[in-house]
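What follows are several structures.
In the two complexes that follow, subunit A is the common piece, with subunit B as its partner first and subunit C second.
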Partner chain A sequence: MSKRILIVDDEPNIVVSLEFLMKREGFEVAVAGDGETALRLIEEKRPDLVLLDIMLPKKNGFEVCQAIRANPDWQAVKVVMLTAKGRDTEVAKGTALGADAYMTKPFSTKDLIAQVRQILDVA
Partner chain B sequence: MAGNSGRLKLALTLGGLYLLLAALFGALAAVLWADMQEHERLALLAIVMPRLELSILIILLAWFFLGLIVSAVYRAYVMAPLTLREQALVMVSANPGLRLQELGAPEIRTLAQVVNSLAEQREALQRDVEARVREGRASIEEEKNRLAALMSELTQSVVVCNLDGRILLYNNRARLQFKALAGESRSAQDGVLIGLGRSIFAILDRHLITHALENIQQRLARGSQQPVANFVTASRAGQLIRVQMAPVLGGQREAEAGEGARAFAGYVLMLDNITRNFEMESQRDALLQSLTEGSRASLGNIRAAVDNLLDYPDMEAEQRDRFVGIVRDEVAAMGQRLDRTVNEFSDALKARWPLEDMLGEDLVAAAQRRIEGRLELPTKVEEVPEGLWVRVDSFSLLQGLSYLAKRLRDEYDIRELRFRMAQAGRLAQLDLIWSGAVVGSQTLLAWEIDPMNVAGENSPLTLREVIERHGGEIWFEREKASHRAFIRILIPSALPQEALDAAPLMQVDSRPEYYDFNLFRQTEESRALDERLLSELTYTVFDTETTGLEPSAGDEIIQIGATRIVNGRLLRSESIDQLVDPRRPLRPEGIPIHGITEEMVAGQPAIDKVLPLFRAFCEDTVLVAHNAAFDMRFLQLKEEATGIRFQQPVLDTLLLSAVIHPNQESHKLEAICERLGINVIGRHTALGDAIVTGEVFLRMIPLLEEMGIRTLRQAREAAERTYYARIKY
Partner chain C sequence: MLQGWVIASASFAYLGVLFAIAYFGDKRADTGRSVIANPTIYALSLAVYCTTWTFYGSVGRAASTGIGFLPIYLGPTLMAGLWWFVMLKIIRISKANRITSIADFIASRYGKSQLLGGLVTVIAVVGIVPYISLQLKAVSNSFIILLNYPEIVMPAKAGAQPLLQDSALYIAMILAAFTILFGTRHLDATERHEGMVAAIAFESLVKLVAFLAVGLFVTFGIYNGFGDIFDRAEALPKLKALMTVADTGASYGSWWSLTFLSMLSIMFLPRQFQISVVENVNERHLARAIWLFPLYLILINLFVLPIALGGMLHFPGGNVDADTFVLTLPMAERQEALALLVYIGGLSAGTGMVIVETIALSTMVCNDLVMPVLLRWKALRLHQEHDLSGLLLAIRRWAIAAILLLGYIYFRAAGEAYALVGIGLISFAAVAQFAPAIVGGIYWKGGTRRGAIAGLLAGFAVWAYTLLLPSFAKSGWLSLDFIREGLFGVALLKPQQLFGLAGLDDISHSLFWSMLANIGCYVAVSLRRPPDVVETSQGTLFVDVFRHTEGGAGSRFWRGSAQVQDLLPLIGRFLGPERAREAFLAYARRRGVASVEALEANADLVHYAETLLAGAIGGASARVMVASVVKEEPLGIDEVMNILDEASQVRAYSKQLEQKSRELEAATAELRAANERLKELDRMKDDFMSTVTHELRTPLTSIRAFSEILLEDPKTDLIDRRKFLAIIVKETERLTRLINQVLDMAKIESGNAEWHTAEVDLHEIIEESIAATSSLFSDKRIGLEMALEGGVPKVMADRDRLIQVMLNLLSNAVKFCEAGHGRVKVGLHLAAGAVRVDVADNGPGISLAEQGTIFEKFRQGGDTMTAKPQGTGLGLPISRQIIEHFGGRLWVESSLGKGATFSFSLPLEERKTK
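Coming up: the complex of A and B.
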């Protein structure tokens, strides 16, 4: 059974690429455009991994990450934060809030796929 | 009226004398009566009884004449010396120019003459001594004045405080700055917030100051060469003030007493309004952020799209078009973002050489002086718009202009140079114009990078560097129609209002009392004001003009004048002079006295606006007024309406005069001035009267001291005991 990935980003230009990429890599993909939708979709679809942007409408990425880690049912959900904020302080904050990986834009899709595979432990 | 105590004494003396005489004659009559035989008594009665009325009349007449003589003698020998004694005391302690009146008996008159000639000698001696002292002090005074002048010229705000936070020196710049900080509500009056002897904590947070002092103390203890502390604070209006604090170290004597580290007596605060710098800084931050984070996101989108295009060449055409579309849109967005940031933040992007605001006319005038003086090249001004301000490093820019003029003269034989300025958006154009010769752009380029050398003055800078320092540009142009050519320099212009505060700086013609170094010695008194010496208190001397004399019948204040006494000095430059709209018609009979007309009070603030200002002005001080009960009554009647209570201690110069000179007839302000040798000018304006009252009060302090009245409490109690204190309004 293929792994499920939830993409959370409000910028269609990145969502298009990520969605295409993940599908081509054989994942099942869902997309959320804001923080609240993200949490709803996590509840519904129980993704294995969330690609999470930080700058989001309604609830930002940090809040979503915190909510995931606060819910005991969701401990298996992996979180990769994707953001334009490159400051080391924010990387530290993301990691501290429970992100499994933190990727700063622009990133190479190869690195992203490698990172996702490693976290999900699939070949 | 020659004093109540004098009359009482006279009456007592006369009464005593009459009693004594009555007793003596009574005793004589009793002895004689007892010694007489029966027939002698009868004979005496026969002689006396029919003439009894006549005898009594003679006795009464005798008593009457005796009374007259005693009273005359009393006036001549007792009252006259009493009056002379008071006058002599004034001579000794307040007005050495006063002379004794020639009163009373001839002996006493001679005595008065002798005393007068002694006073003459004493005054001559005193003048001599004073002249010597003046000479000695002149040099010290000169140094002080030089410092004060220096301070007043500084464009930086400087405030010096003692360790208790009392201000002992400030410059005009600081006054203006604090005035601006206080905002519109208080700006109607000068110097309300800042003033000698006032607390700096009214302006700056006490904790910040304490913290900075601790830092300095630590640095001093470590033997630091530069024990200076910096901090930034925000004013109530949200302006950012950068404060640099440097200690004022104590004198030699205190230094020996201190253990190792030198004790410090106070501190200097240098204040800068950095709100604008800070805004620039924030702008720069915003710029950086929009450039980095904005670009990152776009780059991320492009990269992901491109990666997909490259890694999955087998994708469908429609999908491929979407990715290519993403790349195109994101690249366009990045280009627009860059354009926007360059436009919006061009100021923030400039190298930040400290530039000063300067009037265009002044810049051109300075350039003319320099070029005509050093190069002997005639110059003219074609057009400089009025009120055009530029932001320049005037020294290097003037060097650059002279350098250009020299090369034009030397290499193109130019006979005359003209100046023209114009505003161009946020920039200003400065043109150097001449007729004839054409300078190629290549030549100008070469000039730009040569080291500048004018009339033997070598500059390490090149013209290019000067232009860059201003974030400007320079180029050559021809005016073909008029056969003229010019070099145009673009420099930043400044907003006119940014330079506004320079204007009041120039208007200070007489040096105001902006400093008082004696405040260094003051220490915080935890004791109540009551026990403090009169000579060390801070006073607000005030006077009011009113529509009439009956506050309870609806008369109102129409003018308040006030000034301050700090450390025994009257500070005329720290004053309030405010007309008040009484909200009722003036009485015509009052107008000739106070000289205030309906037109003058129309449009002035009403009393409820003025009293808060006055309260702030006299905070922490003792109030002084002549016939204070009258003025205080007016203020008290406003308490309910305005909620402002004046609970400070009050001293009344009228009552104090009665304390000092109970035997003088008049305690009007004019009479006191005459007694104490004070020239009266500008009376019957509130401020004029307040100043006169202040001078009177200053002369009274030593007189009171002689009577053993040294503290505020003693002065208040003595005043309350006088006859005049019993008159109520």
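Coming up: the complex of A and C.
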């Protein structure tokens, strides 16, 4: 059974690229354009990993990450923060909130895939 | 029956107790544990004011004038209220300058003048010696009256007594011995007598207790309380009159003048000056004396009227002198013990006054009269003596003996004469002559030595002519003619109606003329020429004492050269070599110098030596003596002025410093605020950079991702490939737009933008912009409506920039309109000296809160909660900057759900030529 990935971003073009990449790797992909949708989809689809942008409408990435980690049912969900905000304080904040990895946009597609695979423990 | 020996031994026992107290006080003082360092003892010792004249005389005065005895105590009570200002200043000055007497005070103030010191001493002696006689008389009379117990016999005339049987002579001798023992035990630099003060405080208690005892006995023992006495007195017309103030103008006038006179006396009687100033241990003691001393006066006056009335009721015949009621009433009632107590109380009142007054006068006579003469008398070769301290003590002892002898002689000579009976107030009027020189001296820098001498001489002369000589005449020693007809028969010179001034009692009359002459001469002569060098420096030290109390003030006015080996022997000659050496050693230790020899003989040391000496021989003589061994370079008046100037410059400078430091504080606060603003700006810049970076990274992310995808897999599906490439192109365009706008914004904000200002027709601008955006409208199928007023004048602006604004507004309108249903309306019209353009849409509208923020950078309109709007977030801020550059205004009117109208107006009049 293939792993499920939830892409959370409000930039349509970035979503297109991430969707393409993840599908190419054989993951099952769901997409959310804002924080609230993201949480709803996590409940519905129980993804293995969330690619999470920070600047999001309705609920930002930090809040979403916090909500994931606060829910005991969702402890298995991996979180990769993916954001254009690259300041040290934001990286620190992301990891402090329980993100498994933090990647700065623009990212290398290779690195991203490698990171996702490693976290999901997929060969 | 009271035997003579009982009374005598009681007297001696009492004096023995006094002696013991004084001895104990001195011993304690020597070991540094002062018994008088206590505000209550200080206040009690001030009650030396109450002499036998109070103890016996108040009742006598009340018997003849009713409450006329009160002003004598009202004055001091009022004056006590002023002590905190006047007395405190005098004490501070005296401590700083080691003043030893009132003569020394006046002499020091007016340039350390020996002449002035001598003059004050003479006035004091002339004025006070008869007062001492009065004490001797009172004590001796009380002794004689008591001796005849239980018979009440008025004493015979003093002159009738054989000399060797005259008790007053023995009293005078005993008092002289006592005073010599305690007044001149050693020469102290501060001239303080702790043992004596302790004894005086004790005496004050004794006389108060005795007087209260007899008062209580008369009021409650003989009669049934105050009410009873006053009721009985009321029944007799003669006594009734005593209980009201006689309502004649002269009587009120004399009330005022007596009150005024006693106000001055409490300050300037030599004995009061001695106790309140010279013997003061701690100036804070004044605080208690200010209320305790008036309280003492109230207590000792409480029973005066009852005793007077009681006595007059008891001895209606008038053959018992009212002055003796205090003693004779207990005797008439056969109260042996009480009578003895009263006698002891009177003795304490008399001895207290005599001891203090004699010490004060002997110090003055020695320092200001005898020593100056002896030191000038070259034949005595005093300059070559090594130790004059013995001589000084001897002079004081002889002076004490001489003063008491004079007092006794005057007593023998005057006897019952008016010249003795009326002497109390006459004495007061004499010392009142010191007031102008002292009060003027501590508040007015302009007073001079000549002024003080003139004032004192004039006042003294008028006093002698209007009070002293008439009292002699009334005693029968002079012809009364000059009183009745005036000197040389000139009516205007009648001593008690001088220049025709009638209607006053003789004391008020004399006080008026003598004060007028005194103050007049003092002020007029002082004003005739400015103070000289010494007068200026002393005047400053006295008047500004509260500013100069810090050490070294006096030495500022001295310049010259001196040797320790000259100064030390000089001081040794007057204080004794041992004491002088100790004093110098103490001074050296305070300066952190190991030995006397190592001391530097600078102005400070010379000043110290002079004040040491001043304590022993007075300020004026001390100055002469010190000047004889040091080479003083006299300061010119200019230099003294300069020194004073420097002091005021220092004050001015410190004021400037304060001012500067306040300015600095203000500047610091401004800097802090500026720094806060800068920090705020820095944070804003930081946020801006972070936002710009974010905005740049977002398109870059897509571009990079798709480029890598395409690069890695050349066989990507054609449809995907086209789609990805299209995204890359679009994102590149977005990036370019963003970069352009950021640069544009930066240019406008920094003022580096290029403006091509010319006459611009807004019709053209609008039409051109609409043409440029027509594809946007048609793509989203949004309707456009135009309402352009015709004939709108041209404005001065940059054509391209205005098109930029219009494009921004139009594309925004399209962006927020719903596809298919949107309508945009563009309006142009003239309004109040300006041209106004409106771009209205029927989109979702903008909330009030957002209307403010959309003009900030990167704050995009639309609900970020729902969807990400397109655009960079810089369009509106840039547009607003452009419009404002041309003096116009850009704003929005909107409410949620009703669309938004963006408008700008440009002024017509203002023709910018940038």
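Just so it is clear, the second predicted complex is superposed on the first by the 123 of 123 C-alpha atoms of A that agree within 3 Å, B and C clash if a C-alpha of one lies under 4 Å from a C-alpha of the other, contacts with A are read in each partner's own complex, and residues count from 1 in each chain.
Throughout what follows, a contact is a pair of C-beta atoms (placed from the backbone, for glycine too) under 8 Å apart; a residue touches a chain by one contact, two chains touch by 3 or more.
These numbers were taken from a predicted model, which means no experiment stands behind them.
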{"item": "Joint occupancy of subunit A by subunit B and subunit C, clash or fit", "value": "clash"}
{"item": "Partner, of subunit C and subunit B, that touches more residues belonging to subunit A", "value": "C"}
{"item": "First (subunit B), second (subunit C), both or neither touched by A:10", "value": "second"}
{"item": "Subunit B versus subunit C as contact partner of A:73, first or second or both or neither", "value": "neither"}
{"item": "Contacts of A:57 with subunit B and subunit C, given as first, second, both or neither", "value": "second"}
{"item": "Touched partner set for A:44, first subunit B, second subunit C, both or neither", "value": "neither"}
{"item": "Touching both subunit C and subunit B, counted on subunit A across the two superposed complexes", "value": "11, 13-14, 16-18, 20-21, 84-86, 104-110"}
{"item": "Interfacial residue positions of subunit A with respect to subunit C in the complex", "value": "10-11, 13-14, 16-18, 20-21, 33-34, 55, 57-58, 84-87, 104-110"}
{"item": "Of all residues in subunit C, those that touch subunit A in their complex", "value": "690, 693-695, 697-706, 708-709, 712, 720, 723-724, 727, 730-731, 863-868"}
{"item": "Contact footprint of subunit B on subunit A as seen in their complex", "value": "11, 13-14, 16-18, 20-21, 24, 82, 84-86, 104-110"}
{"item": "Residue ranges of subunit B in contact with subunit A within the complex", "value": "292-294, 296-297, 299-305, 307-308, 311-312, 315, 319, 322-323, 326, 329-330"}
